[in-house]
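My questions all concern the structure below.
Residue numbering begins at 1 within each chain, and the chains themselves are lettered A, B and C in the order written.
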């Protein structure tokens, strides 16, 4: 009886992974059949004209997430160092509590903040035509990633043994040298794991991005101009999943976006699997 | 930790400030904006019949959110527990590796993809339509990997002496699991459940088109009826930027949602610290 | 213990009440206020009937109805030929209101002098040929062109009249919005925007401009809509199956009744006549 339960449960876990992958492959096969791999590099998305380009969302997602993590990583690690090293012990647990609470704020609430605070702010401060841009999405994603990166980095930094730190002090290293030569390198495995986790989450973030990114399937011109509206995988899927007719080519194309998103997410998480096994 | 404030520390502090101030400001803003709307009436009357936030009252949305999250966690629990026990009890190192990888991969898949999957399988193929049941199953898939990983770590924390002693006494597998393991890991397991609840309450995209409607439901009649939730209510209200009452209701709902998630997170944290003593 | 309680609670939900008096409506966000408000009143009269309402757009309404996922589909555009063939023997349309698709601009644009445009000018804006309000006699600022998701009914109707084809692309679009709500707030939060919006959604910050056709300038006013002089107008329909339940028909009758049509006008639309 026990065996049955345990075996079934484990099989279900394994089966769900297989099921999801197979499902996405199967559901997106019509678009591969109809257009081969052309649609991957196609620059336009307009279902009525059978244009199902992946390029706009690929650029949009990668840029927004890349910028978000590039912003959140140094700030998050700095905040972790700050909490660990600089502020008095009494305040540390409060700050930590604040961060853990922030990490749990639902993304739709961030969407609210983004749409009602960030968009008008950026529009007026940067004198933009519209505040709904890729940069806005990146900023919002960065704000969402900060607490996670900070909390996990702090954990990693704390794990650096006292011994190591005491050795560093005996050797006459000053604080900054301690940080750079001992703390950060030792905590690096934990920090990079945290980064990967945050990266994956940012890639999959849907509602917050959907509300602020502008949702236009167009590669910004030039492609690195983040201050223009654009589209991401999640925003496209979120906006069109209700309306695409199942079994249509449009639906298959949407599924291919889902497939691409899943593949990219799995590729992002793969290094961590490799690292864990070491 | 020297107390001398060096230039290096200054730079680190400056970098850290945005990371600390922005989230704190965000939290403060939510509390500030939302608290003006919160009242007993807000929480217990229902606006679900209107949907446009023209009359406040989020009872329907609150129950919807809680039901979905609760159902999702309940469905995921036996599977998470079973797989965790498999890992700890039966699996050889190779199987453990495999299970771990499967779980991390599942955890990396964005929830919207699970929403797509659920849309096709539950809403269309199984013809359950947009329903509570569909939403619960999708949320179950979303929280399953984290819950299973939590089960595994909880079981691993049990001091091996207990298991050895139990084996020495000749306890069967079931007894070992039931009498020893689940007993000792109880606290951590519940912590995992609470965290899963917090997670399930935060998900919006996967339930948007699979379990929820804009308005019309306060207490779902059956598992096959759709629901309204706080998350989707906030999402709809976010698009009503011009209506001041809608704005207020949105912040109020956001505060209630954040508070609910925080409740579960804080409970989990509390349990964890009790467990560590 | 807590778990036991919740399990019993959830099991109680399993009591099969699936088919009793359930009406699911979904589709156009233009019709959403009407149906939501009518549903509120209808529920008071028929407390045993469950009526859920969702948005999603005309495309969602028609598709979901076809797939029998809902009982009432809301559409703010005429059915395409393909849809007509598909729905030929299974469903039919019932007009319940009339409105116009207004070309809406931000208040600042209106007050800056842009009060009327030719259809060609609007088309040029949406095609990216006109990019600055000064080209049209307004202030010197770039135009925030707000387009809609291509499956939305309002967009179909707009594209048909302004761009020539209901599926036409708008290369000049800056951002894309979905529901009428979203479009309205995007226009009102800007001082340079132009968008397409049902005339019932106009307000102080979102102003309609008059459309010039054949040298005559027409605002989407009630008279212009009723007389057909405003170029972009439409009937708002609901679609029901030919074999729909008595509850569904009861609601439809309610919508078409005097009380229902009063609600239509209350919310800002014109009655179906």
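In the analysis below, a residue touches a chain if its C-beta (ideal position, glycine included) is under 8 Å from a C-beta of that chain, and two chains touch if they have at least 3 such contacts.
The structure displayed is predicted, hence computed values, not measured ones.
The touch graph of the protein chains shown is complete.
With A-B and A-C as the two chain pairs, more C-beta contacts join A-B. Separation between the centroids of chain A and chain C, computed from CA atoms only, is 34 Å. For this pair, chain A with chain B, the centres built from the Cα atoms lie 18 Å apart.
Counting partner chains per residue, chain C has residues 56, 67, 178, 186, 189 touching two or more of them. Touching of two or more other chains is recorded for residues 242, 246 of chain A.
With touch defined as above, residues shared between interfaces to two or more other chains in chain B number as follows: 124, 209, 239, 241. Of all residues in chain B, only 1-2, 4, 6, 8-9, 12-13, 15-16, 18-20, 22-24, 26-27, 29-30, 78-83, 85-87, 89-91, 97-117, 119-121, 124, 141, 144-145, 148, 173-174, 177, 198, 201-205, 208-209, 231-232, 234-235, 238-239, 241, 247, 250-251, 254, 257-258, 261-262, 265-266, 269 touch chain A in the complex they form. Of all the residues in chain C, the ones that touch chain B in their complex are 3, 6-7, 10, 13-18, 20, 22, 24, 26, 32-33, 36-37, 39-40, 43, 50-56, 67, 69, 178-179, 181-182, 184-186, 188-189, 203, 205-206. Against chain A, the residues of chain C that register as touching in their complex are 56-57, 59-60, 63, 67, 142, 144, 147, 149-151, 167, 169, 173-178, 186, 189-190, 192. Residues 46-49, 119-120, 123, 129-130, 132, 214-216, 229, 239-240, 242-243, 245-246 of chain A are the ones touching chain C in the complex. Residues 1-3, 5-10, 12-14, 16-17, 19-20, 23-24, 27, 72, 74-76, 78-79, 81-83, 85-86, 95, 97-102, 104-113, 115-117, 143, 146-147, 150, 174-176, 179, 200, 203-207, 211, 234, 237-238, 241-242, 246, 254-255, 258, 261-262, 265-266, 268-269, 272-273, 276-277 of chain A touch chain B in their complex.
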